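You will see two complexes here that share chain A, one where it goes with chain B and one where it goes with chain C.
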Partner chain A sequence: MTEDNIVAFIDIGSAETKVLIAELFPKINIVGNFTGKTRGMSKGEIVDLNELKESVHTAIHEAEKIAGAALRIRRACLSVSSMDVGGKQVSGLTCVKSDDSVVSKSDMQTARRDAYCRECPQDRTIVHRIKQSFVLDSLVMENPEGRRGSQLAYNMWVVDAGKKYLSELIQIPNNYGMRVEEIFISSLASAAAVATGSEIDKNRLVIDIGAGTTDYILYRGGVVWKAGVIPVGGAHITNDISAAVKTNAENAERLKKLGSAVVRDSDVNGDIALVPPEKGLEEFTEKVSLFKINYVTALRVYETFELVKKAIGGEEEASNVSSVFITGGTAMLKDICAVAAEVFRREVSVAEPNCTFARTFSEPKYSTVVGMADLLVKRRREAMQARASKTFMARLSSLFTH
Partner chain B sequence: MAFRKKKSNDGNVVGDWRTTIPQRVRAGGTSSAKQRRFSGWANTFIVCATTFGAVTLFAVVWAQMTGDASDDGFEPLRVVMKTDGILDEKWFHEWTGVDSGSRDVSIVKLRKKLESYGQVLSAEVSRERDRSLRVTLRERCAIGRIQLSNGVVKILAEDGVIFPADTYIGDGEKLPLVVDAKIENSPDGLERAVGVEPLLKFLALVRQDYPTMLIEWESVSVKGLPAEIFEGKPQPWAVIRVYPVPEPINPAFPRITEIVFSAQNFSEELALWGSQDTQEKLERHFTDEDRKNSYSVQFIVNRKNSHSPILESRIILNTGTLPAGTPRNENKTRGRR
Partner chain C sequence: MLTEIDSANPEGASAGTLENICTKIIGIGGAACEIVASRDFGGLPLTKIVMDTSATDLGHITDGTVRKFLFGDAVTHGLSAGTDAKIGEHAARSSETEIREILAGTDLLFLVVALGRGAGSGAASFIAELARELGIMTVCFATSPFSLEGKVIVEQAMSSAEKIHAASNAFILVENDLISQVAGEVGVSDGFRISGSWIEKGVNACAAILFAKEAGARIDFGTFKTIFPLAGTPTLFALGYGKGETAVDDALNEVFRCPFLRTRTSTSHSDTLLIHIKAGTEPTVAVMNEISQRAIGRFGGGERVLTSHTVVPKLGDTIEISVLGAGEIRKTREKLGKKVSSPRASTSSLFSDFQNTASDDGKNPVTQGELFSEDLARGIFQGQGTRFYDGQDLDSPTYIRRQQNLQKIYEQKKRELSGRNPRLPA
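And then the complex of A and B:
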């Protein structure tokens, strides 16, 4: 097990930190995992860096103990999900240079380079550049080589994040003796974990509802079209319940897990104990209406989906979506799909990680961390193939080209 | 947030988090990180300590084995000598000058002195708790005699080393004399016969498997045995010539004055020679006139049937002058019994 081959995947959520330690080659093998409570983070924002470090380091340490590979893990992968993470479509433009207006490889490279040269503001840094498509005279295509046209554009989705936020986040594994190899936005990782491999993947909307934030990613024609974060999550439902039934957050969290369903029908009857009842004193325990809890939950979930719908571009974009997948810890709420279907008017399902290497991590809350492992392996394979395909002559010619 | 275009047009990773955010990997700050760093140090310390301990232990054991640690001033109360050969304590005292009560006995020097004697293959010298000196010798196995240019006859061991015949009180006289061998001084101070590896193997095999045959041979010549080897084997035409001891049995009997063995296939030829009674054949089939002549024996491979070649011996009449190394008493004949 070499240092490069074993990586810790760290998903620092607002409520829980999930750590997965895996060997990557020849096939992904999860050797350690731990899920611990996160402290020092609220709604995706770092509120106490030292507290956060302590809690994340404890989680990594526990996972290392399970893996039995302490001190050999030198690489880490991080997921980011915060309001500090943003995205924008960036285009690189060029004119087709040949006399007969036929697009050459050189034109494609020029357009690509033009897109890559776009800098983000001083206080921000780029996390991902995701290729979308080429546009030749407003005609979208995968490969324009050999086609005729005058203006070629290269579109890509650029994900950026605040430098301060990202450097603080990177500092956490760094201070544990790990170098960050890759950073993935949560929505991209979750989408990779729950991909079905079928045609519906091409125009899907994946919504990862966590405790503090909701990440969404929209695919169009198989490429990432939009991705973003909304600062609403499961913790808001807990707060709402807490306010509605006038109880503390701990009890509200219990009520959310035990009783809440995302329905607004008035025919839901029954009560639920406000606090855990003592044995023999069930009759004397204060109870709250189940309908009330469900109603509060449904309102918040409905609002969350409405926000996502608005973020992806409203009714017009939503109508192009083939299906909606909901994942993340809050996806476990009962009947959440019904509300999503009402909002998006599409087939909605709760998606669980379906990667073969992570059969024991099939809960929706593990989507991000499992997806990160899957994405990293794909990236490494692509890099290896690129290196292998670049022959000696190609390298030699590239020297002269540049 | 507005993306603006960078003026230079060369970067593929403009503004990438890898270039804009430097990583300073150093464990510390939290209790878990400190624990990890500490366990890292602890592991390094354990590895270093284990290595140091192993090296020290090895050095101590080595020093004890070689006895180099406290050699000087050792006075053995008695000497206990064991050997797998014929050297005795008398020789030990004469050669080394060490005796019970000797002073300043250096075990290392003593071992080197013992191993400088050609007959000694290896020597182990150790001090015992009761202040006795234990000497264990392994001796070389003698396979022949060899005469130096000054006429002195020495003993040839199976590894080519030559040692004095004075202390070889065994069957030294019965060993065949190796003639025409080249002798050199090797870097370890011992004399060695060089370029005679096939002969050494040949004589070692005869000594082990055909000891009675060995005492019937007076001399062995390596004149036909070139030192050069071909693909790890002697040259195909290389031969070892053996001259049997002449015995005064019956002047009318035919004589075998030379046996020629191939340097490559001598093991098969020896087996064939050991199983035949050639002398009886000579006496039975030859006429009286034939019996007055001398003969040499050679081995050939009969390839009439190419699938199963047969090794055969041929008795050839000696004509003209006899080859070098012929038995000294030509009037004598001998018979193989």
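And then the complex of A and C:
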């Protein structure tokens, strides 16, 4: 097994760090995994680098143990989800140069090059350049070659991140002796893991709600249209419950799992035991109002979806969405889809990773880490195909030369 | 230029106080001036001063016992600073000499500021800085704007709060968003009135510890200062009232749920603790002990707890408890590179950790406060900087930002349902 065929996929979330170790070829095979508690990170931000390193290294080590001591894992893929990660649409422009105004390959390359030349601020690094479409005289198209027009634009969605944040993050696997091969934004990875492969994917909105952040990605016509991060997640629901019923975070976390994102009339007379009651002592256990728990949860969840809706462009963009998928750890919150359906007025479902290689990782919280493996394999295949095609062309050309 | 429009009580507050302490309360900006001028602060020996850039707003204050000062006339020409804190700050800087004169000789300064608008947000941080430079112990009460007042106002308020906090020995933020949690659904003007009354209660409680003329065990100003040894530390400040047989319980429960605890600049893990009890009859040792133990259990402070009490017969069976303290002293000191004044009479091992931090190896020993999993203030986001998104502090619970009084909504729903379905209890 070559060293570059085995990769550790590391999803450092605000609450949990998930590590999958997988062989990539001939087909993806997960050989090790571990999910551990994250320390030193909150809302996607690094609050204590040493603690974070320690907790991530422990998770990697545990996953390695499962994979087998003989394996040397030298490559890693990281996910990023933080307010330090930003995104914007970038356009490259060119005029169609031929006399007959027919777009040539060279025009397409010029427009693309112009888009790639757009600089990002000095303190930021580009993480992804995702192709969106060509626009020929305001007509959107995938391939404008041979079409007539005067101005050609090449649009792409550019994701960038703060250099300091990225370098600190990359340091973590580096200090473990791993080289970071790829970095993926969480939303992109999650969307890859939960893709249905049907027509519905073309204009979908995928919302990955973790503990500290909510990542969203909007597709239009099958390409990434917008992606971003909102610094709110399941931990905020826990915190709200904790404040509402005056209890600590541990109890509030438990209450969150028993509650719902929808308030029903029957909740008014419903009480939940603040702590799990001992057998026979149920009557004497302190109880808290289910109505209050669900009420604060509903408000927070509703607000989160409203913020996502606003971020993707409001009612107008939301009306173009074919379907909404919710994933991430907080997707397990009871009735969360009902609230999202009310906000987006669309069909909403909880999405689980559906990649065949990860059948045992079908919980929504694994979407990002599973999606990373899927994306990396696709990228490598594309690169291999490009190399193969280049080699073939070179051979062909040398044949004619001789 | 600073112009004295009207002046009263020229002899200042120092004369006649028990400790000969010169205490001033300064309201900065329209809303804060209104609070300072309209509240009587229980007849405490305070010199009331109101400062604003708006001559019109100052003109509305007719109380002759209040000193009024118009500052930054050269900048704003007697008009308000609008909503721009930079103009407020510039105006205050232009009147630096006169403001220094006002502050001169002050021992204890209560700053009252309504954050968000230009004069208060801009000038208060500058004045707090001057006070610190002059070695004045400064206790600042600030109100934060409602979330509904918009992104610019809220962000300006928080930026100013950080600066004032860094320059004040104690900084108590009254978050207007919390009003509906405590007082139910109220009109906007009532909301401002309520935050004014919270500030009044806060100043009264603070000053009563030092100046109460009634019988009891007071603490002196020197001891009081050790409670807040450093500027910029998160402040613990909570009040509670109880009456009748369950007075102590009720008062303590109120203390533990005090709105002052649930703000972004407060702390519920205190390194120092001062408990003041005001009651109709002298509290017994058992009562004092119970209150201390429960307060220590909740807020920390180790054995370095100062208690004081005053007996006010007209209170009857009512009891008032105030708890004050400062948290993260070590962390703040490390940040500032300054040494904390040594706390008195401490023998606890937990507290020794705190005392020995000047020579520690950089590792953080667990303080008593850190042992509590429950955080009364900002919950699990306590201690993390406020990062705004869409003009909102999303770490603050949604129901609080949206002024939803849970208890009231719950009761209303219950009534509504019992009317519809007679089988449900009212």
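Just so we're on the same page, the second predicted complex is superposed on the first by the 375 of 402 C-alpha atoms of A that agree within 3 Å, B and C clash if a C-alpha of one lies under 4 Å from a C-alpha of the other, contacts with A are read in each partner's own complex, and residues count from 1 in each chain.
Methods note: contacts are C-beta pairs under 8 Å (C-beta built on N, C-alpha and C of every residue); 3 or more make two chains touch, one makes a residue touch a chain.
These numbers were taken from a predicted model, which means no experiment stands behind them.
J.: Clash or fit: how do chain B and chain C relate after the overlay on chain A?
T.: fit
J.: Of the partners chain B and chain C, which touch A:Met83 in the superposed model: first, second, both, neither?
T.: Only chain C; A:Met83 stays clear of chain B.
J.: Touch check for A:Val206: first (chain B), second (chain C), both, or neither?
T.: neither
J.: Touch test for A:Thr58: chain B only (first), chain C only (second), both, or neither?
T.: first
J.: Once the structures are superposed on A, label A:Pro121 by its partner contacts, choosing first (chain B), second (chain C), both or neither.
T.: first
J.: What is the contact status of A:Leu307 with respect to chain B (first) and chain C (second): first, second, both, or neither?
T.: second
J.: Once the structures are superposed on A, label A:Ile6 by its partner contacts, choosing first (chain B), second (chain C), both or neither.
T.: In the superposition, A:Ile6 contacts neither chain B nor chain C.
J.: Answer with first, second, both or neither: which of chain B and chain C does A:Tyr176 touch in the superposed model?
T.: The first partner, chain B, only.
J.: After overlaying the two complexes, what is the shortest C-alpha distance between chain B and chain C, in Å?
T.: 16
J.: In their shared complex, at which residues does chain B touch chain A?
T.: 1-6, 8-9, 11-17, 20-21, 23-33, 35-37, 39-40, 43
J.: Per the contact definition, I'd like the list of chain A residues that touch chain B in the complex.
T.: For chain A paired with chain B, touching residues are 50, 53-54, 57-58, 60-61, 64, 70-71, 74, 86, 88, 90, 113-114, 116-121, 124-127, 158, 160-161, 163, 166-167, 170, 174-180, 183.
J.: Which bits of chain C are touching chain A when the two form their complex?
T.: Its residues touching chain A are 257, 262, 373-375, 379-381, 384, 387, 389-390, 394-395, 397-400, 402, 404, 406, 409-410, 413-414, 417, 424-425.
J.: Could you please specify the touching residues of chain A with respect to chain C in the complex?
T.: 42-43, 45, 47, 83, 230-232, 235-236, 238-240, 242-244, 246-250, 265, 268-269, 289, 291-292, 295-296, 299-300, 303, 307, 310
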